[in-house]
Structure formats: structure tokens, C-alpha cells
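What follows is one structure encoded as C-alpha cells, with my remarks underneath.
Naming follows writing order (A, B, C, D and E), and every chain is counted from residue 1.
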Amino acid sequence: MGILSYTLLVPLVGAAIVGALDSEDTDRIRWAGLATSIVAFVVSIVMLLQFDIGDGGFQLQENLRWIPTLGATYHLGVDGISLVLVLLTTFLTPLVLIASWDDVKERLKGYIVSFLVLEAAVIGVFLSLDLLLFYIWWEVMLVPMYLIIGIWGGKNRRYAATKFFLYTLLGGLLMLVGVLWIYGQTGTFSYLDAVNLDIAVEAQRWLFWAFLVAFAVKVPVFPVHTWLPDAHTEAPTGGSVILAGVLLKMGGYGMLRYSLPLFPEATQEAVPVVFTLSVIGILYGAIVAMMQKDIKKLVAYSSVSHMGFVVLGIFALNTVGVSAGVVQMINHGLSTGALFLLVGFLYERRHTRMINAFGGLAKQTPVYAGLFLVVALSSIALPGLNGFVGEFPILLGTFAVNRWAGVLAAFGAVLAALYLLWAYQRMFHGPVEGADNENTSDLKPREIAVMVPLIVLIVGIGIYPKPLYDAVEPSVDRLLGPVGLVEAAETGTVAPVGQE
Amino acid sequence: MPIGYYFIVAAIMFSIGLAGVLIRRNAIVLFMCVELMLNSVNLTLAGAARMWGNADGQVFVFFVIVVAAAEVVVGLALIVNVFFRRGTLDIDAPNLLRG
Amino acid sequence: MSNLLLAQEGLVDPVRSIAYSSFAPELLLVGVALFLMLLTVAEENRSAVAIPAGVLAGAVGVWLITSGLLLPGAVVVAVAAAVVALPFAFEDEPALISAWLAALSALGALVLTGWQWAEHFSVDGGLGVARLDLGGSLAFDGIALFTRITVYATVVLAIPVGYGYLKDRGIHRPEFEQLMLLSAVGMTILGAAADLITAFIAVETLSLALYVMAGLARRDRRSQEAAIKYFVMGAVASALLLYGMALLYIATGSVEIAAIAEGLGLVTAPGRVAYFGLALVTVGLGFKVALVPFHLWTPDVYQGAPTNVTAFMAAATKAAGFAFILRMYLLGFGRLVDAWVPVLAVLAAITMILGAVVALVQSDVKRILAYSSLAHAGYAAIGVAAGGLDGLSSTLWYLLTYAVTVVGAFACVIAIERRRKGEVALVDLRGLGKRSPALAGLFTLALLSLAGIPPTAGFQGKLAVFQAGVSAGLEWLVVVGVLSSVIAAFFYLRIMAMMFLEEPEPDAPEPNVSTGLSLGLAASAAAVVVLGVLPATLLTLADNAATLAR
Amino acid sequence: MDNVLLLAAESKGLVTETYSATGAVEFAWLILALPLVGFLVTILYGKRLGEPTAAYLPTAMSTGAFVVSLAIWFQLLGEEASHRRFLVPLFDWIKVGGFEARWELLIDPLTAVMLLVVTGVGSLIHLYSIGYMHGDERFSHFFAYLNLFMLSMLMLVMGSSLLTLFVGWEGVGLSSYLLIGFWFEKREYATAAKKAFITNRVGDVSFMIAMFLAVGTFGTLDFFRADGTGIAQVAPEVLAIGGGTALALGLLLLGGAAAKSAQIPLYVWLPDAMAGPTPVSALIHAATMVTAGVYLVARTSPIFVQNIDAMAVVAWIGVATALLAALIAIKQDDIKKILAYSTVSQLGYMFVGVGAGGYTEGIFHLVTHAFFKGLLFLAAGSVMHALANEANVWKMGGLRKVMPITFWTSAVAWLAISGVPPFAGFWSKDQVLVIAYEHGFRAIWAIGVLVAVLTAFYMSRWFFLIFLGESRVESHQHPHESPLTMTLPLMLLAVASAFGGMLINLNHFEGPLARWLGGYVAPVQEEMIVHGPLGEGALIAISIVAAVVGITLAYLVYLRGPARERITGPVAEVMANKFYVDELYEAIFVKLGGRMADFMTWFDANVVDGLVNGSATVTSAVAGRVRRTQTGLVRSYVAGIAMGAVALVVVFLAQVR
Amino acid sequence: MTFLAQAGADGAATASALPEQILFWVMAVIGIGAGLAMVSMRNIVHSALMLVINFAAIAVLYLALQSSFLGIVQIIVYAGAIMILFLFVIMLLGVDRDDLLVEIRPAHRVGAALVALVIVAASVFSFVGAMTSEESRCGALAPATVSAESIPCVGLDDQLEENDGPVGLLARRLFTRYTWPFEISALLLVVATIGAIVLGRRRDPADEAARRALEPEPEPTGPPDLPPSAEPSPEVS
């Protein structure tokens, strides 16, 4: 049992402890939940300290026997990519718990337990080096998320929760078929064995799509994105934050960890298709976002658009694009997470999310408006904020391999500005009309306290993303080895390097 | 007599039994049709025993008779029970379980 | 094998070389069942029966111990002690005697199965020695032993779960436990049947007991309807199965499965007869395990029968039926794989889809679970169609995971059914998560396991059969299974949604959780989690169980 | 600004060497740090400091930046002419794969000029705003935003690479957004702010694509690198003369520049941007930010000079914009709108300059324009301040007497922009036209002269209607002169507008600015230089005549007799309606785009999601149908079994070989 | 009976096929005819009697198949015990209840006939040729080559001789090789007995106690699982 296991187990143990508490004792439940998530964060920081940044391989590995007959092991390991994603998870969870301190009143215990289990599952996904273990965490995540949406969600929550569950389950099970096929080849579920497996191109094609469906649903990629707006809209604030901040990243992570290294040839063949879908997702998500009347739905569709960039970067298959894709996942987690938090704060005050119910709020709630603007700008990818340092290299990497994809995707930047600023204008600008708007109060200290770390990171990463890239890049380079494409961004040429 | 003829006759009887199950609604007659089917199988088994020159088929027939007897005991008890409950022997009487 | 040959040669009298150890658990159960019969007959003079019986059994146990069979002896002694003690312990509650004794003896049978395993197989690795006993009728191999585990585990879970329920409905009878034990014995014998005659008698034994158990609620028209439907259709299916068996005998001249396998491999085998027989056997066995289109009885019977009987049927009958299917198809029809694999695969596919789809529009929880059991039969059939050692062990494993799960699920239904007497509409579950979070949580666990969501037993089971399917090249079938799982997840979610996402009705009756029920439920839930998270030990057993005595 | 100080000999050819920072240049980061501190402190604590204390720190910071800029300028002066380019590395930014971007400042004469303009004008406008923004409820925010703007603009001009330049580029866009929408309570102001940002975003995409292409072409985005691999350093080798890459890069960069500098077709935001407070209009939308496009073209001149077509496009866009905006300006009535279109028009001149290869001339006009247009806006602000934000020039007139300082300073600016010698505008505009003529763009020159006439005309109209003639001020208004914090900047800028031109570059090719920038903007290809029949003297004369004609016409139309609009008719109507460009854009982008977006939303809800929900519906329907086979009738069940049996028998027997 | 059994048993041995043929055809016709009559007769008692005739015919065919012991068991158990039980139940429940046949729609008959035809056709397809040739005549000389196209009939003569007649033959097998099925058939009978007890007991103490303790069992009038109002519509729609 090493540090990785502790990272994984802390939330689970915490969930058990919370579960054992008296459900009437809400204060203790809240504090226990928060304490657990903070401990998890601290543990993950310890993990970061033990991590050797320069090394792209899997570190701090733990490998225990689990199901010997199946060749399945309890195998954990962390590389740069999973490191940053785990940190994102452990970072966001306490914030979410603080943010929803008061707004969950019913069945609080279940809520906290669900969150902690969810956290563990997500961390499990990021840390597993065993296909079966990975799959299990992948699916385990479903249930708490289903409950979070379904119990503490909005009016149409059953529909949304069910849709989320079924979509993800379908994708996941198809992936399972793929996993089993690989298992048939290697006789183990070991990821490292699978990476070394030389799969015939014919088979790769099928497997690639079987895996990709799972990941694409999660990301989500057009046209399997429609669960997302519903889920986001109906989920409680905390659920939306985690969904956008962390859960969507599982899809991108899956593509990186599985699609690329396991099926290099199929990946390369699929690039045009994936590019097309991503570009459609970017533009289409943005355009549909523009027309939304519900601010949360708008943010949800903006996620579709933004995650399109991530997929684009990943399938650029060059160091720049893929690294930036990872970084952009972090960025999206922070900024969209922050946006959902802000929307949640407003919803708590007003119990509506309809954009046209608001107006002139910048006058009434200047702090809120200011924070919203900063986060929106991060989402718009304003240079100097975190969105840019991910989006720009993504486009750079994409442009190097496919000019049109790069150019079209770049227009997503315009559309992002369009829908966010339009919404911003409608909500915060203009005259203050109606008693509701006049009586809206500005953020409370607790809420500001939640936002401050996020804003600090948004600005901090925007100005100095180097640590992030330093952590990610060696792993990305290693990952791209099998794909056979290590691109030189300087020349804009794509040359196969390191082929056997 | 080529042994196949026995088999065919048995098959015909079996078919009659099956058809009877399909068209009769009276539970008892229906059950009798099942008995007919079992008997035709028995005939088949006995024929096969002769064909192969071993007694296994005959032993099988012996056991089938035992089974049939047991089945009849339970079956008739059930039918009687149901008759007292529903007041009819119609197997397709209005039913509660469907859909 | 040699035993069998010698017996056929008439050189060894098999009666004198009876290997009692190969059916020790069944002996125990039959003994207990007979004792319970006596006890019923004895009415108020229970001690007059119990003491001599206990002494006799104790003597047997001591004799066993002294002759070196420590564990079985201990089991017998323990049961003997129970036989003596229980009638005194529950003097006022005679029904409890039989429930306790039945559960204990099933537990004892489970222990004896373990003993058998330890004696004849190595638990951790290596295939055990498979052999045929009793002149070739009783297979002593992995399938047989594993089926015993599944069936007896089901009984151990089902008896405590059912006792309070039957009492509550006023339909408990002293004969119930006897029937269940004998039915379980029939099932294990079916799982171990090495010739068609044994198989047929075993099928009838378990079926007859089930017919009666299904009709246990004599004043409940649904129960009666279920029983008569089950009986009539079962009789027809038995006839078809029997005809199929007869045809196989015509084709090969033998009723022994191993010999049939060889006979079908000969060029002189009359292929048409063989195929004809194969078709009818498929019909008969398909009926027993409820493969579409031979499934039509399942929803009605599962819904109408007392819920604990439904649980037993769903879990144990399937296990026994599939065990025999495995033996019959993988061994008996081993030469005809080209013919039956596609057919069985198609049947599995239709079954999975139909079960999942039709469950969508049901509103009775028992019926939903019935349709879901159809889908599960389809999944298990994937393992059969996959064939090979993988398919074999995965099917066995799947059936075990399904058994522990489905008993838990029906136990939850029982708890809710309390006042409704035989029906639980979906809306009755409304708000259960609030009224009774523990029960709702356990039900959810069972449902997740049925849906195959990790980390539950159901997931491990599905994983195994899917894996077998994929490695056998039946990817399409697995994909169908995936689709079916997704559709099925929808209605599991509906149940969950009803429990957690809806507000409770104000005057909803409290769920009735008797001691036995909570015991059974807890055991089932524990099994679901343990098999889901740490399946290694039992999965190894299942793997080692992939042996067929020939 | 002493001619003697601008002494270094100009060198032909581009100076490509860079040097490590020494002396004052080492402290170039202060130029950024000071406004940053000002911004942060003011945005966080400004409310608590209150008015006018909150303004002191930002103003001081801006002035401090000016001081540092001056120090740097002096240091550059002291260096040899070929030794005036310094790189000031700060820290790494993005470094991934082969791509590398650093936070790094580039100090060279071009930057120094911009620094002085930005910090100089900027500081004056800070000062001015203290008075102008008096009493605004978000007083402190205004100054915070101004400092944010300074920060971004200085980042823009000091950025050592296209990417760092882009940071400033977007930063000024953001501050512009914040400041245009400063009074966001008014819907149209907020809309104007958004329009400005979005329009600029369109240009930014072009800019970004240019950067992608640049990375692909040069492998870096740095203009200059110590190892000599910067874009500007290698452009002559990497880009073929007249090559497609140069053209593509040029046009893409132009796309970015056109948005920021309000050129056709992306100029529409600038007139609307006048919604912001007047100091903002003066600083951002006249003096500094909008000239960023000109600066960009000058900065990337090594790319442009590789393809004459690219340059021609720049020049033609410039002149077309200049003409269009001038025509529109003639018929505007809003005191600031007229200035706004005038700004667009003048920016067109600058584009003509940089497009024609006259980078010095373009920058020269940029500088003088900053003086006189800043002055004009501040004067307009002063007028509006006096008239309680009345903006219609027809409701003014005769303000000469009540606002003497404003009047006289405005007069200087009017003459400067009209191109009357010896005021600053004359020199720079004339030099732009001369360079266009001499580099073979004679048609452009001709149009430029026409625009000069128009400029003189509409600016005279502006001036006459406000300050001269009868007072049409509404009776309840009591116009008064503005406080010293406002008039002081007016006077300082008036001095600059009067003498700046002569001081900076009286002599076209030998002037101080020409020598100062020589070697730091790319020299054009020799073959471009085609001397026409007209000598420089004749060209100057024509310019003067143009100005005089314009002023005379305006006098005739507006000052003789009672003031009323005499230019009417359908054409005038079209001009007054800005050639319906806004309406056209509205129809294309808002209406059509909106409809498309509506369609897509419908598509998402009904087709994409409809398929998902539809499959569920179909499944349920099938289930309902299949369910009906479960009749509950035993015979039908048996029939099912029998049918199944028959089917299996047939299937199996069919397999008999 | 004895004669017939003897004739059947010896028929093959003496290779005189004629008696067996006559026996076969007569009994086949009787059996099939009785079967048809049973299925189609309205009166349930008549049906039962027809079944008895059918059983008898089959018993005779057993004799022809050298299985005289089975024939006797058939008569005793089936015709003697089982059919009596049937008739007993019929009498118990009333004999005038078989007016149900008329309600059968013709489609059902046609369908049933088709199913029957397919099964018959399948058996014809399976047996004709392989087992209806002269080589399949029992007692005939074994053909030189055994093939799937013609399966020889070995006959039970050797076995009967070896085991001292049909009873011995059956008993040897039953009590040596088939001990285990024999044992579990006892189990089966126990189950049947218990089942009959459970089902047959009119009224038992536990039942009574329960009835007193609880309200009467609900008697739902309509199908309980299809409440018209609670018809669920799936969420995704």
C-alpha cells in the first residue's frame, strides 16, 4: 500500500465514516465530508511531492494480486497526465463541498457519501493500470452520479439521470467488449501488457471505435452529447461542477491512455473522422449554447464546445496538441467548474436560471459580476488566463496536421466570446429591472472563499503554465511513441519518427 | 418389421398428443394428451432398445412410467385444487397473470 | 471411467462399490427431509421421533469420525445435535424447527460439498479428477460440485428469507421445507446426471416439487394459476425433452452422455435422428431455463408463485438446468457444435433482448424481475454458446453470482410485499429510500448487481460470460448482450428511481423485515459485494470446476 | 523633443542584432508592473479609498511608467544606432513540444516611440479623467480599468513575440470592452461593448491563424531572438519575395489589424464604442489602442515587404476606409461620432502609410494623430461636460466665449487634423500621401487627397458648429469652462499638436523620426520606388490646397447665414445612415446567423436528441407489442413452445449434411 | 397375452416376420385411431376410454418389441392405475364438463395440425430409409457395412437368452447399472407424495390459525399487474 492507494482509499474510508454517522447530525456530516476531501487533497499533494516530474513513465506503482484466474491485478500507477487530473479532482472536491454547504438540506448524508465515492471512483479511473480495474472504477462512478443528479437535482432530474446513466453505460459496456478482446490476446488485464501488444490493424479498427464510443460519450463528442445538457441542467451545483470539472475528463483521459497507445494505426486512420466530429462539436456546441435560455444549459453546451478542443488536441497526435489537450482538460475543469459554481450561487438566491430573469446584476452584485467575468473570459480563452494557454497550443498542434480543422476550430473562439458575452450582457448589464434583481445579494464570504482558489489558479496557470506542461509533456512524449508520430512544431511538418 | 415403422407410429401418436394439447382446453384432457405423448415416447424407447439390442431403453421406459405416475398424482391433485378454486376445468379461464 | 467400463462388462457389482461420499450432501438433505416428514406426522410427540433419530444420526456421525472422515462426521453430529435440540428449543413454534433444520442441513450440505471438493480437487489450481460413480449415473466433477454450491447456497439464503414471509401470508406448511430440500436434491442430481435417465428423473423431481411450491398459496388465485400453468407447460416440455432423449438413444444406442458423445461422432450415426433429438432436447431444456421462445411460462409463474419460491426457482432451477445444458451440449453434443452453437447463440440473443425489452413496460416488480431473469438466462447462454473451458466456468460462475443476487432482490420484494400479498407494484416502492434507507440500499445493491454494475457479483458474472463470448469469437452476441444490459439498466433504474427519487406516500405500510429475512438479505448482500470485489477464491473454484466427467 | 538629440545616422537595411538589457532597459518590466499594481490595488480597494483618492495611485503609476519610458528612451538615444534593440526576458510561459513562448520584452526604437505615446497620452488622460469622472459611482473602477488598459497596451507594444503582443492585443480588447460598457446600465452601451469585443475577436482569429502559420513557417513567434532566428530576422531568407506564404501571413495579420484598427470590413465597432466615457474614447479609441494595428503592421514589416500584393491590400483597405469614414463623418451629428469616423478615416491614412511601405510615415501619423485626436476627444469631452453630456452638435454653437481654453485648444487640433501647416497633422498626413505617391500607389494618393479635402470639410463643420456662430444651446444649459485637471491635458496636447509634427519629422527622409526608426522597420524593396511626375514640393502644395478647399467649403456651407444642414438629398441620406453597413451586417450575421443558430438548436433538441429518445420510444412500443403475446393463456404458451420446437426441428434438420 | 408375448419374443428368433407385421399394423391403426379419437371426442369419459385403448395397443406393441414385461407393466400401471385415477377425478369433478371443444377456433386446429404434421414429417425424414429398410428388420442378417443410411436392428434375442427372459433382462440392468436412478425415483415418489399431501389436505391447522389472525386474502377482480391508470410510460420518450 503506497501513496496511491491512500489517495484512493481516503475518500472511501471517509465515505464509510460519514455513512456511519447519524443522519440527523448534519453539522458533523458536513465537517466529516469536508475533512475527508481535504485530507485526500493533502494526500494527493504528498503524491505530487513524491512524483518525479521529469520522468514520463508510471511512477509510484503498486501491483497486488487481485483475481489471479483472470490475470487481473490491483495495479496503480501515476504519470504526468494522471497526476494533474488526480490533483484536479482532489482540488475540486473540497471546493464543491464547501460551495454546497447549505444548499443541500435533504438527505445530506447520502449526498456527501455519494460525492466521496464519486471522488474515489474518479481517482481510481485515473490511477488504474489494469484494464479491469479501470473499467470497474469507470462504472462505479455511474451510481453516485446517478443519485446526485436524481435525488438532489432539478425538476426533470429523473430523465436526466437516467439518460446520463444509460448513455455512459452503453459506452462503457462496448468498451468492456473491447477490453475483453484484448484480454483474449494477452491473457491478462494488465495495461502495460496491452500497450505492448501488437494488435492487427483490422482488429484495431473495431477496438478503437468500441473504446472511442465510451470515451466520446463521456467527453462528450458530437453527436453523443445530448445527455450532457440535461445532466448538467438538472444536477445540483456540486454535481454539475464535478461532472464538468472531472467526469468529462475521464473521456479525454481514456482516449489518451487507451485509444492512442493501444490502437496507434486505427487512431491515425480515424483522425479525419474525429477531427470532423470535434470541429462540429466546437462550432455546433457554441452555436447551440448561444441560443439557450437557461444559463446552466448554456454553460453545459459550452462544455461540449470546449471539450471539442480537447479532443482535437489529443487527436492532433503531436506533443504540442496532446499536452495542450491535457492542460486544457485542467483548464476546463477549473473554469467551467467555476462557472457552474457561480451559476449555482445565483440559483440559490433566485431559484431560477433563466437568463432573461436577470438584468443589471453588475450593479447589484459587483463582486459576483466581476468573478463571473473573469471566469467567462477564461472560458473565452483570453490570453493571460488559463483557457488560452491550453487552447492556443491545441490549435497550433491541430493546424500543424490539418489546417482546415485548425482554422475552423479557431472560429470557436469567436463564438465562445459571442455566447458568453451575450449572456453576460443580458444578465449583468442593462438597467436593473424588477424587485428580484434589486434584491439579489452579492456573494457571501464563504462563496468568495470558494472562488478565490479557482481564480488564483485561473490566472496563475494563464501566466505561468510551465509546471503543468513540464509535468505532462514527458508522459505525452512517451505515450506518443507507439502512435509513431512525434511532430516537430517548429517546421509544421509531420514526420513519422521512431518507427520500428 | 423394420424398426423404423415403430418409430414413425410412435411419432404420429406423439404428434396427436401434441396437437391435443394445443386444441383442448379441458385440463384433464390436456393432461391425458400429455400421457399419450409420454406413451409414444415409451414405444420409441422400447423400439430403440430392440434395435440396439440393449435393455437401457426398456429401463428408461420403466422409469418413465414411474415418472408418469408421480406426475399424475401431483397433476391431478393440482387440477382438483384449481377446479375448486376457479370452478372450471377450462385451462384458459380468465386469468390474472399475463402481459 | 474404468468403473463404468467394468460395470458394463458386468465384472464389478456397482452396488457394492457405492461411493457414498460422492453424494454425501444429498444423503444428508434427504435424511433431514425424511426426518421432517416424520416430525410432521408425529405432531405433538416430536421428541419421540427426534431423540431416536438424533441418536441414530449421532451414532452415524461418530462412526464416520472414527473411521477417519472427520469433517463429514462433524457435520452429521452437528445436524444430529440440532435434530435433538431444535424440537425442544421451539416447542411452541414447531414450524421453526423445520425451517431451522432445513437451513442448517443446507449449510451442512454446503460444508460437505466443500469437503468433497477438498478431498477430490485441489482448491487452488489444477483441474481436479473427474469421475463417474454409481455405474456411470452420477458424475463427480466440477460442474456437479459447483452446482451444489450454487443450489445449496440458494437454499441457505432462501429458507430464512421465506419463512417469515410464508408465516405472514399464512401459507407456511411443514412440508414446504421438505419440498424445498428434496427439490434442491433433485437439482444437484440434475447437475451431476451423467445419463439421460437420471437427468430425466431429476428434472421431474425438482419440477414436481416446484409445481407444488408454486401453488402453495392455496387461497391465492394467482398462485394456483401459476402452479397449473407451470405444471401443464412443464409436462408438455418434459414430454418433448423425453422424446428428444429417446431420439438420441435411437441415434446412439446409449443413454449415457459420454457414450452419446462418442456415438454421435461415428460416421454411422444417423444424423437426422440425432439432429431431431438435438432440437427437441433444446426445446425441453430451453423451457427449464426459460430461453425464448420457451419462456412464456416464466413471467406468469414467477409473478404468481410465492415470492420466496420465485427466488428459489430463479436462482437454483437455472443453475441446475444450465449445469445439465453444459454437460449435455459441451459433452454430449460436443461433435455437433457447428449445428447448435449458432442456434443457441441466436436463442441467447433473442432471450436477452426480449427479456430486457418487455421488462420495460411492466409495472409489477416481481414481473420485472421475472423478465430480467429471462435476460439473465440469455447471458448465461452466452457462456454455453462460447463453449470450451472458459464458457463452462464462466457459465457456472455466472449462475452463482446471479443466484446470490436474485435471492437478495426477491428478499427485498418480500419485505415490501408484506401487506399486498403476492403483488408489488412499482409504485409501492415509492419513497422507500426515505422510509427505509437500509432496505432500499440493499435492494439497490441487488439491482446494480443484476444490471452488472461493478463492483458487484453481477458484474463479475457478466464479465466472465462476456469474456468467454469474446474469446470464442462471438463478439456479436456479446454486443447484443451489451445492448440488452443497457436496456435492462433502464428498468433497474426505474426501480431505483422509484425508491430514491420519489416521495413516499403518507400511508404506505412499513416494510416488514423479519429476522430471517434480514439474515438472508445481509448474507446475500455480503455475498454480492464479496464476489464483486474479491472474487478470486470462488472464481478459482469455478475455473477448476471446468471439468466434465466422461 | 530636441532635434539635436535624434542624431544617430540612419542605416539602410534592417538591424537584426539584439542585446541583453542594461541600464534603464533592465527596468522595462516596471512599465508593466506599475500599472499592474495600480490595477490590482484599485480594483480591490478602490471602493474603500473613495474619490478622488482612488485615482491618485493609477495616475501616479501611469506617470511612473511614462518616466521609465523616458529613461529608456534616453538610454536608447545614448546607444549606437545599430545597438538599440534589447531583449528583456522575464520568465517562461508556454513551453511544449518544439513550441516555446516566453514572457519577454522587446525594447527598440519603434517600441520606445509607442511607449512614449501610450504612457504620455495615457498619463494626461488619467489626469483629465479625475475631473471628468467626478461623481461617478464607479469612479475607482474606471481608473482600475484605465490602468488595466495601460498594462495591456504596454504589453502589446513591448511584447517580444507575436504571442506576447497578442496578450496585450486581447488585453486592450478586454479593457476596451470594460470601458465602453462602463455605463452598462444603458443597454446600447453594453451592446456596443460586446460588439467591439466580438468584432475584435473575429480579427483575433485571423491573427491566431497567422500565428499558427508563422509557427509552421518560422518555428517561432519571436520577432527577434538572440540567436538570430526570430521572425523578423529570418523572414528575408525564409519567405520568397512575392511568395504565397508572405501573402497569406500578411493578409491574416491584416485581418487582425483591421479589426483592432477599425478598417474595412471590421470598422463598425468603433463608432459605437464612443458609448464609453470620453477619456476612454480619447485614449483607447483614438490615440492608442486603435493604432495597434498600425503598430502590428510596422512590427511585422519584414513579412509585408516580402510581398507587394500584401502591402497593396493594406494600402487599399486603408484608403477605402479613409474615404468611407470621411463620407460618413460628413453627415454625423453626434460630437463624438464625427470624431469616431474621423478616427477611422485617419487610421485609414496610417494604413495607407504602412501599406505603401512608409512605416516611418505611418508611425509618424500615428503619433501626431494621438496628439490631435486625443485633444479633439478631450475637448469634446470638455464640451459635453459643460453641456451636461449633450452630444448633438446642432445643439451647440458659440461656445467660443464661454469655453476659451477648450476653444483655442480645439482650434489647434482642428487645424492639425485638417492638414494646415505647420500643425502636426499636416506633416504626417502629407508624408503618408507622398510616400504612397512615390511608391507607385498613385490612385491611392489621389483618393487620399480627396479624403484630405473631406477631412478638412467635416472637421471644420464640427468646429464651426460647436464653437462658432450663434449659440443653439438649450436654454436650461449653463455652459462653463472645465476644471484645471481637464484643461491642463488639453493645453499640453495642444502644444504637441501644434509643434509635434515639426519637431518629430519635419524633413521627410531625414527627420529625427525617420532616422530614429531607420533600421528598425523593414526597408521596402528598391524596385517599389517609382518616382512620379510630381515632385515632393508639388505634392505638398496639393495637400495644402486640399486643406484650404475643405475649410473654405465648410465655411461656405455652415458659417454663412444661420446654421442649418445644407447637405441633403438621397446621397446624403445614405451617408447619414453610414451606407447601411450596420444594417447589412445585422441582416447577415445577426438575423441569418440567428436563424441558423435557431435551426441548430432545434436540430439538437429534435434530431440528435430525438434519435435517442426515439429509440427509447420505439423500444417501448415494441415492448408493448411483444408484451401482448404474453396472453396468459396456457394454450397460446404451449403453442409458443410448439412453434419454437417446430422451428428448431426445421433449423436443425436443415443442417443435416 | 402370454401367447402374444411368446409370439413376439420368438417371432424374431424364428425369423417369421408375418405375425409381427400383422400385429404391428393392427395395433398401429388401433393406437393411432384411439389417439385421434381421444383428442377429438367431446365426452371426457370417452376420451379417457380411448386413451385406455391406446395404452392397450401400445402394450401389445411392446410385446412385439420383445418387451413383454413392459407390456404388462403398461397394462397394470397405466391402464390399471393411472387411468383409474383419471376417471376417478373426472367423476369427482363431474362428467358433463366437456363442452369446451366446440369453442376452439378452426385456426387453432389448423395450427395444431400443422405442428403435428411437421413433427411427423420430421420423423419420416429421420427414420425412413435409415431404419425402414430390410436391414433394419430385427433378426435380419446384419449388413456387410453399417452406415447412417441403414441401421441394422440387433434385436434382444441374445440379451433375453442371457438374462433368462424379459424380467431378468430388465432387473439386471435396473439393479446394477441403474441403481442410482432407481434410488432417486424413490425420491421422486416421495416428492409426489408430499406434494399430494400438501395439495390434497383440505384444511390444516396452520392455515386456520393464519386465517383467524389475518384478514381474508384479497380477491383481485381484474388483472393486478395492469392497472389502467398506472400504465407506465417510460421516462425517455
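To be clear about the criterion, a contact is a pair of C-beta atoms (placed from the backbone, for glycine too) under 8 Å apart; a residue touches a chain by one contact, two chains touch by 3 or more.
None of these values were measured; they are calculated from a predicted model.
Relative to the C-alpha centre of chain D, the farthest chain centre belongs to E.
By C-beta contact pairs, the most connected chain pair is B-E. Central chain assignment: A. Criterion: smallest distance from chain C-alpha mean to the mean of all protein C-alpha atoms.
Relative to chain A, the most remote chain by averaged C-alpha coordinates is E.
For this pair, chain A with chain E, the centres built from the Cα atoms lie 67 Å apart. The distance from the centre of chain C to the centre of chain D, each centre being the mean of the chain's C-alpha atoms, comes to 80 Å. Annotation: 64 Å between the Cα-based centres of chain A and chain B.
Mean C-alpha position of chain B lies 96 Å from that of chain D. Shared interface positions of chain E, defined as residues touching 2 or more other chains, are 108, 111-112, 115, 119, 122-123, 125-127, 130-131, 151, 177-178, 181, 185, 188, 191-192, 195, 199, 220, 223-226, 234-236. Contact with two or more other chains is made by residues 197, 201, 204, 208, 211-212, 215, 218-219, 221-222, 228-229, 232, 236, 240, 247, 250, 271-272, 275-276, 299-300, 303, 360-362, 367, 490, 494, 497 of chain C. Counting partners per residue, chain A has 158, 162-163, 166 as the residues that reach two or more other chains.
Here chain D touches chain C in the complex through residues 616, 619-620, 622-624, 626-627, 629-630, 632, 634, 636-638, 640-641, 643-645, 647-649, 651-653, 655-657, going by the rule given at the top. The part of chain D that touches chain E in the complex is made up of residues 612-613, 616-617, 619-620, 632, 635, 639, 642-643, 645-646, 649-650, 653. For chain C in complex with chain B, the touching residues are 196-197, 200-201, 204, 208, 211-212, 215, 218-219, 221-222, 224-229, 231-232, 235-236, 238-240, 242-243, 245-247, 249-250, 253-255, 299-301, 303-304, 362, 367. Within the complex formed with chain C, the chain B residues making contact are 7, 14, 17-18, 21, 27, 30-31, 34, 37-38, 40-41, 44-45, 47-48, 51-52, 54, 56-57, 59-60, 63-64, 66-67, 70-71, 74-75, 78-79, 81-82, 85-86, 91, 95-99. Across the complex, chain D is touched by residues 228-229, 232-233, 236-237, 240, 271-272, 275-276, 278-280, 282-283, 286-287, 293-294, 296-297, 299-300, 338-340, 343, 354, 357-362, 487, 490 of chain C.
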